[in-house]
Structure formats: structure tokens, C-alpha cells
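What follows is a pair of complexes built around chain A, which joins chain B in one and chain C in the other.
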Partner chain A sequence: MGKDVLIIGGGIAGMEASAYLSAMGYQVTLVEKANELGGHLLRWERLFPTQRHGKEVLSFLHCGIDGKIRVIKNAEPVAAVTRDDLHIVTLSTGEVITANAVLITTGYKTFDASRKEEYGYGIYNNVVTSADLEEMFSSGKEMLTSSGIVPRRVGFIHCVGSRDEKVGNIYCSKVCCVTAVKQAIELKERLPYAEAFCFYMDLRMYGMHFEELYKEAQEKHGVQFIRGRLSEAAENQDHSLLIKVEDTLTGRPLKMKMDLLVLMVGFEPSDGTQKMAELFHLETGSTRFLKMADEHTSTNVSSVQGVFLAGTCSAPRTITSTITDARAAAAKITSYLSQYSIEQREN
Partner chain B sequence: MKEEGKKKLWQEYQKEIADDRYFYVRSCVRQSFFPGAEQAFLKIMREELGKDVFEHACHTTCTGIAYHADVVPFDTTMTVVARQFSLMTESGYQNLVPSCITSFGVYTEILETWKHFPEVEAKVREFLFKATGRTFEIPKNLAHASDVIYKFRDSIASRAKYKLVNQQTGEPLRVVEHIGCHYAKMFPHKGIGGAEFPHVLIGMVESWGGEVIDYPERRHCCGFGFRQYLVQANRGYSVACSKKKFESMEPYMPDLIVTNCPGCPMFLDRWQYVIAEMENHTYGADKQGIPVLTFEEMAAMVLGYDPWEIGLQVHQIPVEPLMIKMGIPFDPGKKYLGKNSKDMGRPEIPDYLNYSGMKI
Partner chain C sequence: MNFDPFIIPFSVGATFLFVWLFGKLFGWIYTLPKRDQKKLQRHVFSFRILRTFGEIVRECLLHFRLFRINALLGYMHASLAAGWFLLIIFGTVESKVQSGKAFNMPYDPIFYRFFNHAPAHTIQLQTLSFLMDTFLLLVLSAVVFAWFKRLRSKWFGMRRTTRQSRVDRVALTALWLVFPLRFLAESATGAIYGNGDFFTGILGRASESDAVFRMIEYPAWWAYSISLCGFFVLLPFSRYMHIPAEIILVTFRRAGIGHLRRFSAFADIEVESCSRCGVCIDTCQLQKDVDIREVLPVYFLRSIRERDTNEKGASKCLVCGKCAQACPVRIDVNNQRIVQREEFNSNKNFQPLHFEKAQYSGGGKIGYYAGCMTHLTPSIKLAMVKILLAAEADFVFLDQEGSLCCGRPMLLAGEFNGAAAIAMRNEKLIKDCGIETLITSCPICLKMFSEEYQLNIPVLHHSQYIEQILEENKITLNLNRSSYTYHDPCELGRGLGIYDAPRSILTKAGKLIEPDLVRKHAPCCGGSIGSVNLTHAEKKAVTTIAIGKYVETHADILVVSCPLCKKTFVGPNKIKVMDIAEIVADRCEK
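And now, the complex of A and B:
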């Protein structure tokens, strides 16, 4: 075919789309700003709902990165112009790449939990995020609080930075509820004598087997679910935490002591995604994620011709959904480069 | 607790505070609660720091208490505040400094309202003009009196005669700081340090040698809360609020409580007395309770002002133990002498709270 596709972002979506587009015969260049492919998956030990290791999925994705794909690490676009349907992109290394199509897969970043000041992340010793907890799991070390004790009570706070007008994020991040359930189970497996509490607004167990996982958490592991949003956390003299929550099912305020508090941080467009929006003049939606041309029929199409979207740069997604979206983007790019406009097909 | 985390947060919540020429508006209630506090502020600003602080005799309430008690509608409050602005304008000042936290909150709320809804400002200007014939300019700078003292805390430290240090042990005094709810909870960026970890009083305490305690119920209301106290039937809630705070701070063994609000020192002081008499329990050493100060009183003590000149005798929890710790000399015989050495009378000696060693 002899056409070139530039994929920006070497996480799950970028890797899977590269594999598919390369298999279809395009010349694929995959640019990643880090020195390793894999994105957030590199730091995720086990995955919901099956508890399989993240490394297994990563290894599957690596299988698709064959010798035909040109991978450029430690680089990111710094300039982009379009000339005669060609996208000319300058990288931070100084290299200039010309492509017939560009796929943005720059993904998300986790919400900066310190913005919820009342929860004390970055100030209280035993307040961590879900990403921090995952790293604690991955390290294989004994789980201890900052005071060196085994935590006996752990609280998981859902929707931190999601569905929260105060921080400007009104959307649901889709993965935090089930991640909390998964992490609470993992915690109970490691620390059977610890109590685990999930504080939620609504439990959004929409995916296949999510509900089963939720049931397992309650019945097998004794994880307790309390419907209520954390109003504030404070640190006790022994560095444990005093939290205040309203149990909205019983209509009563709760004041509880926790040894460890885990904030389930949501998704925000990554810095790379925001930068690509500027470089390629892409429209963003009200949520600041990159805007899809049509939320139902053209989810991989951006507001700029020849520039496509895949993965979490356009919306929060699960890994499964990200992989599916990457393949859909590959199909869409193929139709574009074949000059077949599937949107204009006749009924 | 990670101090660097707090410092990072404080950097995000700094505000501009005018350097001089302040139009000072007093509180409705502070002169009854702790009558020396505002006078101490004026003395510090004028005599120590050489600043121009102007007061207007026609200044009135901002209606804040009535506004938050749902007695006065917002339109009325805005018009009354517009009149204060008019007094400031006619006096040739631009930098407004309220003594009261609730007034500061009311002024902030009104200025923010007008910024976002200019038609409301136009309406209020019309109300004021029709009622009084007055016009006004928006203050160039709005800062609470505690913001101003915070700004000059190091200048005060350089003039200090005493430090917030226990003279017997050489250890910093352990200070609980309590911020009035209306300071930054509504508009975090209008308060130094924001709403969750305000720095305004911490900055003073640390600059003057003390050490601040961060205890679990630090953010909790002092117990004034307007409706809790103004409605007589709710006063049990008021005491309960304060009690929750005292129980939370007690294990940290604080030497004093400092506040920047009219109601907070009143209730944190008064309810300790009440709880001591109701339950035979105090929260300080030797059944003496924890002294409660306004930030002006704390500054005045550091500067070595006569404790009875700044009104420390009207505190229900005696301040003498704190003065002894700081090494401040005082004459017990003058405690209840008012102007021209007139005897002001004596309070009743409480049954449980330890007043021994204090002149009654």
C-alpha cells in the first residue's frame, strides 16, 4: 500500500493499533515519550475482573509490535503541519515524520488527588491513591502503614476526581468502582484480618463479571460497602485517619478510624493529549477529552481530517474497551486511506 | 503529617494585602466579647507599624449575623455594605479591612456576586442612591485584619518582647489555631493558605516562636454557628460542637487556642467554663482550662502590652497560666480595675474550674 501512519502514544491503544495497521500493510511509526512501551499498564499488577496479571496483557500487546513497526521511544511531537493531505510532524529529537494519517493514542492521567484538599493526600501519611496501592501490591513487600503497622482497617473512597463538579470533572471514569472492588479483594487476600470498607456514590458494575466480583467481595471476603461520599479526612495522633462520611442508606453521619485510606482516582486527559489537541488543532469536548466526530458512529474520527483517535484520549475506558477501540481505529484509518468513506455509504 | 505537603498547598493560596492606608470596619460583637482586641489591633498598626488606619464614626453593622440567620435578605445586606463602601470612598481610602470574619465573608461574597452579576451591582447602586443619595467605589483591596497582621508578622516578631515559648522549659508553646468558618470556606482563594489548611494564624504562631497542633477536629465549627446559638433551643448543639473540639485537641496538651473570628474565642472560652461546671472536666493542666486568645491579643502579648489594658481579664478561662509560661509579668491587683482605676467588680468563683492563684 505504501502509506504511512504515525501513531502517537505507546500505551495499550497505540500498541494494538500499530499491530493491526502493520498487519494491514501500512508503514507504521509508533512514537512514545517514555523509554518503554505499555503506558499505565506497566504499573498495574492485576486486572479486573479476572485478576490476571497486567504483564500477560502487556506481553500480548508486545507480540503485535513486530519488526515492521518503527518504534521511536523517548520522543514526542513538538510541531505539526498539514500539507496536501500529508501530516508533517516534528519530534522532540528533531526528526521530521511525514504520514498520510495520524492516530492519537496519548491516553489519560490519573486525577491529582491533592486537589481534593479535604482528603489530605500528600499531607497525611496514610492516604494513598489506587495507583499507589497498585504499586504497593506490585512491590511484593509487606503492606504496612507509615507507622510500620499492618493496617487493620482500610477505606476505599470511590469517585475521587470523578462525578465531581467542584473539581470540574462531571463524568464517570468507568473503571474506579470495579478497581476498588478488585483492590479490596486483593487486600483481603493479603491481609485476611483487615477490615475493608468501600465508600461509594453508586456502584457501576456494568461490565461482564463485574457484578460477580462485587458479590464475591461481599460474600467471600467480607468487604463492606457503604453508600456515602467522604466529606473530610483528618489525621489522628497515631497517624491513623479520622474520616467523616454520611451513610446515605441509613441517613446517619459516620465518623470512623482508618489505618489506610485509598483514594480511587479518576481519569483526566493526559498532558500529552492536551498537547496534541493544541498541536493538531483538535477540538475538545466539555470534559476536556478529545472530541469525537460523532459519539455513536464516528468515535475514532477527530475534528481534523486525517487525524484519528483511539483509547482514553477521547474518553475513560477499560482495557478491554481500549483494545477494541484501537482495532476500530485501525479499521477506520484503513477506510480513510482507501478513500472509502464508510460514513457516506448509501442506505 | 507531611509539612512539605502543606507548604506546597499554601503556595497556591496567597493573596495581595495592601501595605498601608486601611479603612478599618469594626465588628458588631467583638467589643462586647473581648473589648481590648480591636483596640490592640489599632495600637499595633498605628504605633508599632506606623500605618494609616482610619475608622468612620458612621460605620454600622454589615448585617452579617442577621443575613446568615435568614432575618435580613441579601439585597438589604448588599445595600448596607454599599453604604460602608461609600463611607470608605468619601474618606479617601481604598483598602478595606474588616475586623470580623463574617463581615469579611459578607464583603467577599458581595464583591464576587457583583463581579459575576454586574446587573446586581447596578441595582444595589440604585437602591443606595435612592435611599441616601450616596455613591461609592469598589475597594481596591479587601483583607481581613488577621491577613494584615499575618503580612506584618515578621515585623511584629522583630519588636517582640516575649515569645510563644515556655520560659521554664525553652520549648515552643503548643498552639491550637481555629479559623472562623467565613474566612475561606466559601471562597478558598480569598484566604491565606486556603480553606482546608489555612496558614494565616499558623504563620503568626510560627513567626512568634510557637508550634501549631493539627488535631482531628481542627476544621469543626467552634460552636457558634449562628443557628446553633441564636436559637435558644439549639444551644446544646453549640456546647456539643465545642466539646467535640476540646476532646479532640486534649491529647495534644495545647497551651493556648488562638482564633480570628468574633464568635470562636467567645464560645471556645465560655463553653470550657460551662463544661467544667456541668461535667467537672477541664481540658488543660491543673483543672485550669486552655486559655483562648484572639490573634490581636496574642500579638499584643508578644509585644508586651499590659495584659489588663488589652482586656485579658474578661476571659472566662484565666490567661494567667499562659502569661506565667511566657514570662510576662502582670499585676494581679490591677486585674479588675477599669478606666481611672475604677473597680469593675469581680466574677463569681466557679466551683470546679481552678481559679486558685488568680486574683478574684
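And now, the complex of A and C:
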């Protein structure tokens, strides 16, 4: 066969799609702008719903590609042209790569929580994001607030930058609800005497075992769930936080003191994803994620021929779903490059 | 007595118009609250009425404000209004001088040339005749311009013009016909009897035989009378009602009469004073950016007049006030809007909950009031606290624990009862703190405190306070190389006229680069609480276009002085957005 596939973005989707495509006999080049493969997985200590370590999944992904494909790190595409079904892509290193198919796996970035200024991220020291908390967990250090005390009350704020028209993100980021449940459990495991509160709009426990985890959080760990969106946070003299929330089940406004506030930041298309959209002239949907040719039948197909999508560049996804999507993209690319007759189907 | 049947249409029309107008005026005065009736009485019988006359001449006849918008537009309106007015005045004088009587028939000046065939024989009559022709020429030039404006509105400073209703178009046609027909009739008579002056004599001098003129003379005078009648009868039902209404509006306004919290006589006069000139159309961001036309004052006021308001027109508006500042009649469109909003409220007797919980802290000369919006942008309130500490002010953070709303959002939504209840409670809470000066970071609160509260202490926006302490050298700024561009918030700028304080601070802090539209022409950020039901997508479209103008200045930072503007502008932009208090706090040295 000997056809070339260029994969842009060495995160979960990029790694898994590379593994499958190289196993199927294609010459795969994987371009990653950082100096390490793994993307966001590098930052997640443990994964829902099983609490297994992120590292384990990462080493599984590495096994599929190490020594089998060409990986170019610290590089990103800067120009792309199409000539006779060939994509000619220039990298920031100056190298020019010619490929029969391109797979975009540039993924997401977490929402910049300082845009919700009323939550105090970047202003008050004890307001962190879910990603920051994950780093606190994985650092292995003792959990302390900025004033050096062990937090007694920790609030998890759901839907920060998701389902929020005011910041322009109307979609659900899918993973934050269950991440909050997972992180609350982890917190309780580390600090059994701390109180954990989750402030949610509604809990979307759609995945297999998610509901079990939610039940476990309540029954085993005593995590409290309050339905209501945070309205604002203010800092007290002792650097603890005073938060105002409405409990929408009782219909009453609440003022609560928290030692630590965790903002469950949602997904936005990463800078790389936005850049690839420009470079390859890919259509984006109203949510600014890359547009799939068909929401049911052509989820890995972009608006440009020979350019495919996998992972969170096209929608928020869990790790499980990202891996599945990467394999689907590999199958789709194979079908396209082999000119199978099923390619003639209309959407 | 001069008489001919063709004066009948004119007389009928004029009588109808006068009866109608006096009825209308009586109705307006009758429905005024007693307090306002007294104000009007005192005004009319005082020397201040002379200034009112002055304004009427300047605005209703000479149209100074229109001249300022565009010279052609000003000339067109001024020559029509003033020209016609002078025709009436000098026509009356001419007919009286000629007849030698102080009283003659009211229609005599209108059809003067028909009844007086003798050429002007005295120097007075010759002068008057010359002036009358001059004024007719002036008015006709206005009509020519008006036709031309239909074709090339851009030459008159207007990108878009009003879509007129049917009755307006018929009235317009009648008006446009009046003066050409008068010219025709006078020229015909002038040709036959040789009594035309330099202008109305043109046709007579140009032609040898007067047979044609004998044929058209009489029908022309009939047509002239009928067109006048048509115009007079349609006037009360068309936009031309603005001619008498504006005179009354100016008088009422000068007497100190204003809007009430319901649709009042004053509001009705304003509505009737709208000439539908369409100057407001180009200023409206909702029209330009998201194509919502119902909100345009010209159509919105028409819908009020036709008792046919729609919710979209009443509620979508940002209440930014750009249209009002452009309005040559100075109609208070914002108040018109919120009065109409009351009608669309489902919950007229709303009573706020959780009143008892708000508590403010006292114990300082200066009270700092952040306001709800500033609590949502905490970097602004932290910056203000830092500045107040640096200035060693004897201050207290009134609403540190959270504020009761000032009531303005409800007021703007037309929920007057709820707004009044909140304002009363908040006013008491503030007064109980015993402060001597109130400073707020929120222009929305500031507007409310200044206009609806009786606090009896100075109320300042934080930019005004910072300007003050900078002048008093209580703090100094270390100048740096940053360049700033400044956005005038609606409530602070157009709403309260505070334009200079923020600019004076910024020039002390770095380089100020102004965008194209500043001060009263500055755009709304799009986040206004003035709009009751603009969708997020519509707001975003307005915001994106507004911020684009600031990005074009290539300044490092877009400075705002309103927490709501900040909140609206912050996002994935190409320019950093900060409040003026943050700039000062970052830079201040004691």
C-alpha cells in the first residue's frame, strides 16, 4: 500500500489512530507541538469511573506506536496546500510532508475560568480549576490552601464555561459532572474530615458506572449535592471564600463559607484546533468545534476531502469515547484510501 | 370683501385644523398634574417665556440642530419652515397695507394676488411684493431639495431614511404641491395682469400671449386651495403634527415639565413632535448590527401614536440613548421606552424578596458602594479598596457583604413599583450609615442614586473620585508606556455626562488613543441591562462590532469604567479589557 497519513496532534486520539493506521500498513507521521506525547492525559492523575491511573492508559497508547511510526515533536503545521488529492503540509521546522490523508486530532483546551470573573479565578488564591486540583493530586504533596491550612470545606462548581450562553458556550462538556464526583471522592479519601459540596445545574451521569460513582460519593463519602449555580464568590479576611448560590430545590439563596473552590472547567476547541480550521479551510459549527460532515453517519469526516477528524477537536468526549473515535477514524481513512465501494454511499 | 368659491376648501381645512389643535392643546393642559399646570402658568407669565420663544425660533423655524447634523438637511428644513412662516407674516402685512384696514378676511393674504390685480404702486407694497417672491423662491428651493433627498439621502448625511406610512405620503404630496401650485397660480395671474414680481412674473415675461394663462389661472387657484385643504386636514393625522406639537413641547419642557411613570400628556406631546426625519435610524446599533427595526425610535414612537406598540419594539432596545442624543427635537426616547414597557410586564406588583437580609456597614466619611455588578467583577472592587487605602481615605466599604440592588434594572424594565420599593429601602440603608460622600464603581447605580434617590450628599463615580485625589496629590501615578483606548459607558457618558474624568486619569497614566466614535457618539457594549429580552446571539453581535473599533486603535488595553461593560467585553478578544480603577491601582504610588 505505502500510502502516507499525516496525523496532527499527539494526544489520545492521535496516538491511538496512529497505532491502528500503522498496524494496517500505512506510513504514519505524527506531529506534536509539545515535546512529549500524551496531551491532556499527562495531567490527569486518575480516571473516572474506575480510578485507574492515567499513566496506565498512556503507556497502553505508547505500546501501539513506539518504534512503529514517525513522530515529530516540537513542531506544528504552518501551511497546507492540496494538489491532486495530495496534502502538502509545511511544518514549523521547515520540513514539508506529503500525505494522502490528514487526520486532525488537535483536541480541546479547558475553558479560561478567569472569564467568569465573578468566580474569582486568578483573583482569589483559593479558587482553582479542576485541572489545577488534578495537578495538586498528582504532585503527591499534602493538600493545603494558600494560607497553609488543611481545607475543611471544599466547593465544586459544575458547568464553568459550559452550558453558559453568556460566555458563548451553549454545549455540555460531558466529562465535568463525573469528574467532579470523582474528584470529590478523591478529596474525601485524602481528607476524610473535609466537607465536599457539589453545586450543579443537573447531573449528567450518562456513562456506564457513572451513576454508581455518584451513589458512592453520597452514601460512602457524604459528598453533598446542591442544585444551583454559583452567582459570585468573595474573599474573606482569612482568604477563605464567601460564596452566594441559590438552592433551586428549596428556592432559597445561600451564603456559604468555603476554604477551597474548585471550578469544573469545560471544553473549548484548542488553539491548535482553531488554527487547523484556518489552515485546512475546515468548517466549524456554531460551537466552534470542527464540523463533522454528518452527525450520524460521517462523524470522522471533515468538510474538506482527505482531511479527517478524531477526538475532541470535533466535540467534547471522554477518554473512552476518544479512543473509540480514533479507531473509527482509522477505519474511515483506510476505507477512503482503499477506495472501498462503501465510500460511494451518500450520507 | 373679496370672495370666490375656491377659498372654501382652504377655509374649511384651516378651520378644522385650528379647532383640532386647540382641542388637543386643551386636552394636554387639562390632563397635566396640578403641579405641572402651575409650572406652566408660572412659565408663560414670566420673562423666561422670551427664552422659550428664542428656542422656538431657533429650532422650529431655523432648525439649528439639523444644521449641525448636516448643512443641506438643515437648509431644507429651515427654508421650508422659515420661508413658509415669513410668507404668512409678510403676506398678512401686505394684504393689510394694500387694503388699508387692520382687519380683513384671514384668507386674503393666501390668495392676495388673485384679488389684487393692480401692480404694487407704493414703495412699501413694492418691497413687500419683492419679499413675498423671495420667500416663495426659498420655500420652492426647499421642495426641490426634498425631492432630491428622496434620491440621494447620503448627501443629507443619512444612510437610511424613514419608510413613511400611507397617510404621511399623501400629506407629503399635498405639501409638495402647495408651493408649486401657488407659484403657478400667481404666475398665471401675474402674466394676465402684470402684477408678478421678479419670480412670479417670469412666466408672464417669457410668453407673448396670455390665452394659456387665462385658461389655467382659475383652476390653478382652485388646486392651490384644495392642496392646502388636504394638507391641513391630514396634518393632525400625519407626521406634520410635529409642526405645532414641537412648539408646545419646547414650551412645556422649558416650564420644567417632564415624563411621569405613566403615559402622560408630556409623553403624548413628544410622540406627536416626532417629525420622523429618521436621523435616529443611523445611530441605532440594533438596526445596524442585528437588523431589528422595531426598536427604531421613528417607528416605535409612531407605534405609540397609533396605539399599536409591540413588545419587540419596547423591550429589545438597549436604552443606550444614542438615538435620543441625535434627535433634533430632543425627544426623551429612553423614558418613552420604559413607560411603554410597563404595559408588557406580567408582574406589575412585584415585591422584592429577602429585603431584611441586606446590611451595610457604617463608620467612615466616605462610603464606597460597589454595587451588584462590581461584585461580579471583583478585581474592580479590590482595586478601589487599594486606591482608597493608598489615599488614606476615611472610608467604609458599605456593601462589602453584598448589596441590595439600586433598583435601576427594574426601573428600566418598567417595573416601577418594585423599583421604587427597592430604591426606598436602599436609600434608607445608605442614609443610616452616616457617610458624607458616596462613591460607586457602577454607573448604573450612580445614575439611579443621582436621579431617583434623595441622599443629600455628593455621589461620585469612582473615576471622578480618582481624578479628585490625583489633583490633590493624595496618590500619584507612575507613568508607563502602555497605550489605552477608552470606552464611554452609556449610563456614565450619555446618561450622566461624565466624559472627562476618565480621560484626565488616563492621560496621566499613559497614552490615550481615541477610537472614531467617542463621548456621546460612543457605541453601547451590547451588554446593557436596558434590554429586557435581547438574545445572547444578538448581544454578542453588537459586542463584537463594538469592540472591533477599539481593537483597530492598536492600544494595549481597552479601558472601561463600568463593571457591566467590562463583563461584556471580556472574552477571547484581541485586546485586554480593564476597568479604570484597575489601571490606577496597578500604577498608584502614595
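Worth pointing out:
Operating definition for what follows: the second predicted complex is superposed on the first by the 341 of 347 C-alpha atoms of A that agree within 3 Å, B and C clash if a C-alpha of one lies under 4 Å from a C-alpha of the other, contacts with A are read in each partner's own complex, and residues count from 1 in each chain.
The criterion applied here is as follows: a residue touches a chain if its C-beta (ideal position, glycine included) is under 8 Å from a C-beta of that chain, and two chains touch if they have at least 3 such contacts.
Not measured: the values here are computed from a predicted model.
Chain B and chain C, once both complexes are superposed via chain A, clash.
By the document's definition of touching, both partners, chain B and chain C, reach A:Glu232. By the touch criterion stated above, A:Glu165 is placed in contact with chain C alone, chain B being left untouched. By the touch criterion stated above, A:Glu118 is placed in contact with chain B and with chain C alike. In the overlay built on the shared chain, the residue A:Thr324 is in contact with neither chain B nor chain C.
In the superposed pair of complexes, A:Ser303 makes contact with neither chain B nor chain C. When both complexes are overlaid on chain A, the residue A:Pro253 reaches chain C alone and has no touch with chain B. By the touch criterion stated above, A:Gln218 is placed in contact with neither chain B nor chain C.
Of 327-335, 345-353 or 543-551, the segment of chain C running into chain B after the two structures are fitted on chain A is 327-335. Annotation: chain A residues 117-118, 120, 123-124, 232, 234-235 touch chain B in one complex and chain C in the other.
By the touch rule above, chain A contacts chain C in their complex via residues 112, 115, 117-118, 120, 123-124, 165-168, 232-235, 244, 253, 255. Residues of chain A that touch chain B in their complex: 114, 117-118, 120, 122-125, 232, 234-237, 239, 242.
Chain B meets chain A in the complex at residues 1-2, 5-6, 8-9, 194-197, 214-219, 251-252.
Contact residues on chain C toward chain A in their complex (touch as defined above): 354, 375-379, 382, 400, 402, 536, 540, 566-567, 570-572.
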